[in-house]
Amino acid sequence: MSDNKKETQAVNEFNQVMKPVSLWADAWKRLRKNRMALVSLYIVSFYIIITLAAPLLSSMGVIHDYKEQILSNASLAPSFKPAGALVVAKLEKRIVDLEETIKSHQALEAETGYNPSSGFNFGPTAEVVPTEGEVDPNQSFSLNFGGTGTDTTASADPLARELEFQKTELERVKAEMETNPSAKKVYILGTDDLGRDMFSRIIYGGRISLAIGIVGTLTAALVGIIFGAVSGYIGGWLDNLMMRFVDIMYGLPYMLMVIIIMAMIGEKARGSFVILFIAIALVSWLTIARVVRGQIISLKNSEFVEAARSMGASVPRIIFRHLLPNTLGVIVVFSTLLMPSFIMNESFLSFLGLGVSAPDASWGTLVSEGVKAMEYSTWQLLGPAIAMTIFLFSMNFLGDGLRDALDPQSKNRT
Amino acid sequence: MTEEVILQVKDLKTYFHVDEGIVKAVDGVSFDLHKGETLGIVGESGSGKSVTNLSIINLIPNPPGKIAGGQVLFHDKDILKMSANEIRQIRGNKISMIFQDPMTSLNPFLKVSTQMIETIVLHQGLDKKAAKAKAIEMLKLAGIPAPEKRIDQYPHQFSGGMRQRVMIAMGLSCNPEILIADEPTSALDVTIQAQILELMKDLTKKLGTAVILITHSLGVVAGMCNTICVMYAGRVVERGRTEDIFGEPKHPYTQGLIHSVPRLDRENSERLFSIQGQPPNVIDLPDCCPFYPRCEKAMDICKKKYPTVVHSENGRAVSCWLYAEEKK
Amino acid sequence: MARYFIRRVLSLIPTLLIIITLSFFMIRLAPGGPFSREKDVPEIILQNLLKRYHMDESLGRQYLRYLGDILRWDLGPSFRYRDITVNEMIDQGLPVSMALGVTALVMSVFSGVAVGIISALRQNKWPDYVAVSIAVVGISVPLFVMGPVLQLFVGMRWKILPMGQWVSVHGWKAIILPALTLSFPYFAYIARLSRASILEVLRSDYIRTARAKGLKESVVVWKHVLKGALLPVVTYLGPAFSGIVVGSVVVESVFLVPGIGRPFVQSAINRDYTLIMGEVVVYSIVLIMANLIVDIIYGFLDPRISYK
C-alpha cells in the first residue's frame, strides 16, 4: 500500500470501492427518485424564476404591463387571437342577439299589437346602457318619457337604439383594428373588468404572494426555532410554561384575532406588508416550535452535546452551533410545508379585503375579484385560482418528498 | 439425539431489495430441529439470525424482503409453499414466536386478556370463558402473581420482566411444538434475565416444547441449549452440540467469540480480547468467506470462494477452508 | 376522573380571561371608533351616544364593566344594528353556526378516516394514488375558491343543490354545499394523517406479534391497528374545529348562511365593539369546550393515560 499518493477512493475490507455519502447527498439521491417531488421542484423553481423575472419581461414587452387598463378590451376571454378580433366577435354576437330580439318583438307586435320594448324610455340616452337580456314582456305599461336625449331621431325602443350604437362601434373597431395598438394585443389568459391582462396580473400576483410566503415563512420559522430550541434545551418549568402557551394557542382560532387586528388597523397601515407578515407569522410559528423542541429534546442528551459541554461551551453556543445544525433537516421540511399554509392564510385575508391592498394584488385579491366576476367571465377566477393551486400543490408534494428524503424512517415513508 | 426431526431448514435464502442493492440477509442456512430440543442461534447484530427465524414462519415484510430460495420442512411439509390459510394455522399454534422487546411487542391499546384470549379461541376452539381460564392458568405458570386480576390490565401496567412473562405465557398457551424466542432477554435487566431464562427452561421442559433461541450471548446459550448454530454474515459457519462447540470450537470466528468472553478465573493483567474489525456490510458481498478480513488464519483461497461445508459426527458441521483442506 | 374534569374546566377560566382581556384592549385601542364612520353627527348627540355606551369612562372602568356584563351574560347592544342586542344575534346565529360546523367536522372525520384506511391498505396501488392526490388538492385549494366554484356549478348551472340560504328556506339540502366546502381541507388532512398513522402502526412490533399468532389480516387491521392508529386523528380534532370556525366566516358569507360568522368581518371593520367582543367571547368558549371534550375523549381511548 503506497502512502505517498493519497487514495482517491476508499476501499473496504473486501476491496470494494466505497463512496463516502454525506447526509445531504444521500437525501438528494433519494429525492431524485421520487418523481412527483422532482416534478414539484421544477414547477416551484419555474414559478420563482418567472416571478423574479417579471419586471424584466414586462420592460422587454414579453408580457403586458399589469397595471395598464384598457377599457375597450375589458372582459375578454383567453385566446391567441388579437384583442381587436375578440372585441369584434363580441360586438357581432351582441348585434346578432339584438337583431333577433328585435325581430321577435316585432313578430309579437304583429300578432298582438304589443311591442314589449318600445314602451320604455328612461330619459337622456347619450350613454346607452346595454340591457342584460330581454326586456320583461309582462311589464306592459307604456310610459313615454320622451326625454331630452340628443338622439331623438332614433326610435323610442332602447334595443333599437343600442343596436345602432353597437353597429357604429363595430365599424369603428373594425377600422381601427390595424392601427390601434390596443386592438393588436394578445391576451392569452384574457382580461379582467378593467381591461387588464390576466396573465401578467397573475404573474405579478405571484410575485407578491411568493414574497410574502417566503419572507413570512422565514420569519415564522425563526420565531419558532428560537422558541422551540430554548424551550427544549432549558427544559423544566420554562419548558412547561412555554408549551402550555403553545397548547393554548394551538386550539384557538388565532386567525380570528388576526382578522380583527387587520380589520381594525385601517387601510393605511394595512398597505404595509410588515404588519401582514407579523400578523400571519404569529399564527404559523407554533408547529415549528413544537417540532424543533422535540428534536432538541431527543438530541440534547447525545454524546456530542456532552462533549461540547465538557469543553466549556456556553448554553447559546451549544444550542446554535451544535444542536440546531442537526435539526436543520426537520426545519427545512417543516418550513417547506409552512409556506403554502402561509400563502393560504395571506390569500384568505386578501380575499376578505384585509390583506394586500390596491394597487398591489396578490393571488388572494385576484381570486376575490374573480369570484365576483365568476358568472360571466369564469376565467377571471380560474386563471389565478389554478395558478395558485398548482403552486401550493407542488409545494406540498415537495415538502412531503423532502420529508421522505431526509428521514427515511419517518411516518410517511411508503 | 434420537428424537424425531420435526423441523428441517434447508438452504434458506432471504434477500432484501433496497435502493443500494440486494441485502442477502440469509444466504444459505441449514439446520435440523428435533422434538424437545433447544437450539441456540448465536451471532452478532446483522448476522441474519432474526431474519432466519422470521422466514421460518414466513413473516418477512414483502416488499422489500423476499424468501429467495430453500425449504422449511415442518413434519416434511414445506412451510414456504403453504397457502396463507395453512400458515396461519401453524403460527401461534404449532410454531409460536416471542420477540425481543416486550414493551413494543404487546399491543398497548388492548388488555392482556384480549390479546391472550384471541389466540386460544382461534386455535383451540374454546369459548371466551374457557379461554380466559386457560390464559389465567398460563399466567400462573409463568409466575405472574394474582393472574386473575392482572389479566385485565394493560401492558403498560406491567414491568419489563413481567411483560416478557406474559409474552411467554401467550406464546405457550396453545402448546406449540416449537417456540422461537428472538433474543427474549436482551431488553431486560441482568437479574431478570436469569429468571426469565429459568422460566423458559422449566416450562418448555414441562410441555415438551422444542425451542429455537436466538441470542448474541454465549453465556445464555451455554446454559440453555442442547445444540448451537453460529451465524456470520447470513450463513451458518458452525453447528454442533453445545459441549462439542465449547470444548473444541473449529471455526476461527467461534474461537474468537469464545475467547472474547471475559474470564473470572484468569489473571486481570491480560488485555480483554476482541475480534478485530467489524461485521461486514452484507450488500453485494463478493464470493468469498465473509470472515476472512478478520481471520487470523486466513488463506489465499478464503478470498476467492465461499468454503464448502464439512460434516462430522454428532451433527457437527463447519464452513471453513481449514477443514476442507484437511479432508482433502 | 371527575376531579380532573373539574380541574380542567377551572383552568379554562384564566385562558378565557386572557383572551377576553387581550381582545378588549386590542379592539379598543385600535384607531377609529364605532361612530367615526358615520357622517357628521352633531357634537351633542355624539356625546350622548358615548355616554349611553359608557364610552366616556376610562378604559379600565369600561373593561371591568364589561367583565361584569359577561358574568351576567349580557353582551350588550350592538353598536351598529341599533334595534337588536348582541345576545339576540348570538341566540339566533349560534345554533346555525354550530350545526354547520359540527356537520362539517363529522363529514371530514368520517370521510377522511375512510379514505385514509383504503389508501393505507392499498398502498401504492391506484386507490392510494387517487386518494393522496385528492387529499393534496384539498389542502391546496382555498375555501374561498372551492365555495364559490361549487356554488356556481352545483348550485347554479347544474341546479342539483340549493345555492345558499339555510334550512328554513330549502330544507336540509341547504346544509350540504356549505358543509362540504368547510370540511374539504380537513377531510384531506385527516385522510393524510390517518393514512400515515396506519402505515406506521402496520410496521410496528405488536402488529408483527399479532401476525405471528396466526390472526387473519382483517382481524389484525380492524382489532389491532385501528385503535392506536386513529389516536392522532382525535388529537387533530381540536385544531380542525378551530379551523372550521375560522373558515365559517367566509363560507357563511358565500352561502348566505344566517350564522354568527357572517357579520364577523364587517363588525370588525365597523368597530362594532359589542358585537365583535361578543363573537370573540362566544367563539372562545365554544372552542375551549371543544378542546376539553377532545382531550377527554382521547383520555378514554388511550389506556396509557390515566387521569389521577
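Each chain gets a letter, A, B and C, in the order it is written, and its residues are counted from 1.
The definition used in the following text is that a residue touches a chain if its C-beta (ideal position, glycine included) is under 8 Å from a C-beta of that chain, and two chains touch if they have at least 3 such contacts.
What you are looking at is a predicted structure, and each value in this text was computed from that prediction instead of being measured.
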item: Farthest chain relative to subunit A (centres taken as mean CA coordinates); value: B
item: Most central chain, judged by mean C-alpha position against the global CA mean; value: C
item: Length of the line joining the C-alpha centres of subunit A and subunit C, rounded to whole Å; value: 24
item: Where subunit A and subunit B are represented by their mean Cα positions, the distance between them in whole Å; value: 59
item: Cα-centroid distance, subunit B relative to subunit C, in whole angstrom; value: 54
item: List of subunit A residues in touch with subunit C within their complex; value: 248, 250-253, 255-257, 259-261, 263-266, 340, 344, 347-348, 351-354, 364, 367-368, 371, 374-375, 378, 381, 385, 388-389, 392-393, 396-397, 411-414
item: Interface residues, subunit C side, partner subunit A - complex; value: 15, 19, 22-23, 26-27, 30-32, 123-124, 136-137, 139-145, 148-149, 152, 156, 196-197, 199-200, 238-239, 242-243, 245-246, 249-250, 264-265, 268-269, 271, 276, 280, 283-284, 287-288, 290-291
item: Subunit B contact footprint on subunit C (complex, rising order); value: 203-206, 208-216, 219, 223-224, 227-228, 302-304
item: Sites on subunit B touched by subunit C in the complex; value: 57, 59, 61, 87-93, 96-97, 99, 101, 104-111, 118-119, 122-123, 154, 156, 167, 170
